[in-house]
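Several structures are given next for inspection.
In the two complexes that follow, subunit A is the common piece, with subunit B as its partner first and subunit C second.
On to the complex of A and B.
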């Protein structure tokens, strides 16, 4: 347990820790968080990026209103088109 | 009824319940269209021809305006040095005739675009998109949705391959189309700069040919998945599958 970040969270008492599975890895985030905020927070390249939320692809226009919950599974991948 | 030569030629696939004799007849009578004859299309066409697609009342149409280049040979398994500079349609026609001369091959030596696609896809049992650009893929998707023709899309780049089977209105499945997938995504169009390993595009092609053959053999009785976007990672050998829902107000499919 990281006490520094715990006390930081208790100050922001409206925010809760949630665990998300991002590309197969467990990661901790502060709720509330949307898909768009996750992409921004992790500084992910948005060019060519597609995201699946609980195994279903979410269009970019819906990233900002997709609110993430504890245990959600997020898969981020780059779309390819070559042949 | 299959004749003795057919039974001998197709014996190994006839043993599969997913093909069997009825399925083989359906393969003979199918009209398949392969658009793009690069790493994907040249291999997909080779498997379809071997399996007898279009070897009866049907046909197999090969579409590409490109010529064979030496930089193609590491991944485009149906070509070799004797074809350098030749149209891919002609080179492939020549090679495929040596594999199975019973297949009715049609070639269209042109790049698919908005204007010729309605004609290219008309009367197809399915279309197999083996092209290499988002914009062409979007036009193929548009033409297939309009004509309600099932579409098999596969792509590869770097060490990743991706694939989706789209019913294009000809099924009860509620899934989106290619436009639903890419219309909101800014994609770097210049795929040639990312590199590709020969067998990775081969893996994509093998998956695509398998899906198309299963569909062509049993049509809508097939158990293949529609509207599931598969992402393959060739480094660790894994695949993930994600549902592709329809985009509300998609200008193509909704």
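On to the complex of A and C.
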């Protein structure tokens, strides 16, 4: 799935496309992008959410300081009903 | 009053949030159950629509969150799941469950003990779902678990207290609270467990899949209270032969 659009790219043609593996799926984003921007862009709820960045858990306060690079692996988890 | 890791809980009925038809029914059922320790799970998400409202409702109810490690097949995965849950909830409570077998969902004792030892050292209050094995429960207690949670029957089976003789031994030997988890299908199962002297029961499927989950949650709450009261009152002894409750004087024959 490609999250960039042509109009977006033409406006920001100085930005580089990077491939990220988000929950096992390859996705293209425009760099620079932080973990927080990725969460906001995909409209994911922040409350009750935890993120592993290249298999290490990143605390919420670090999301905005975590700059994503090509090939990075991001796993996003959330709380759901369960017994 | 249930005491776990120096925290007090007013209810001895823990409930799960899975399998309800709607989040509002789940909320109403937990309210009716009076539970103040409630389980939930963690799952990978890709889009916002895959989130549910469970957390929002639980926060409004003001209950303590007990995230589980469901989905973990090894100790390593369970520790990772617990750390994710801590990040997501800020809760040190963790229901440790490792069941690699998808058919019976029986807990792996070796991996569970391994994970418990690690999680206790990391500062979690560990509540391990385990087989009704008195020796394993002792080992989990020694590892520093806040309680032990032996199963009554396989998860979601509603088969009741199939492990009763072993639960009795676990209760006799344990120095930490015993919570019967999994398999409790009817309020009478919960009551029987409480009469044995277990400290609490955890119920999910039996409430969530009842025709009227809210009414069933109330029925479970009553059963748990009654069972506890009976245990504290001290059950009378049972005998194989009759023991008369009235004088056996043959007064008609004088």
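As a working rule, the second predicted complex is superposed on the first by the 68 of 83 C-alpha atoms of A that agree within 3 Å, B and C clash if a C-alpha of one lies under 4 Å from a C-alpha of the other, contacts with A are read in each partner's own complex, and residues count from 1 in each chain.
In this text, contacts are C-beta pairs under 8 Å (C-beta built on N, C-alpha and C of every residue); 3 or more make two chains touch, one makes a residue touch a chain.
Bear in mind the structure is a predicted one, so any value in this text is a computation, not a measurement.
Applying the stated contact rule after C-alpha superposition, one finds that A:76 touches subunit C and leaves subunit B untouched. Contacts of A:26 after superposition on the shared chain: neither subunit B nor subunit C is touched.
Residue contacts after overlaying the shared chain place A:59 against subunit B and subunit C alike. Set side by side, subunit B and subunit C differ in how many residues of subunit A they touch, and the one touching more is C. Judged by the touch definition given at the top, the superposed model places A:46 against subunit B, while subunit C stays out of reach. Comparing which residues of subunit A touch subunit B with which touch subunit C, the overlap comprises 47-50, 52, 57, 59-60, 75, 77-83. Subunit A makes touch with subunit B in their complex at residues 46-50, 52, 55-57, 59-61, 75, 77-83.
Looking at the complex, you find that subunit B touches subunit A at residues 36, 38-41, 130-134, 137, 154-158, 160-162, 176, 180-189, 191-192, 194, 196, 201, 204, 229, 231, 240-245, 247. In the complex of the two chains, the subunit A residues touching subunit C come out as 22-25, 42-45, 47-52, 57, 59-60, 75-83. By the touch rule above, subunit C contacts subunit A in their complex via residues 16-20, 23, 26, 39-48, 50-52, 54-55, 65, 67-68, 70, 80, 83-85, 87-89, 155-156, 202, 204-205.
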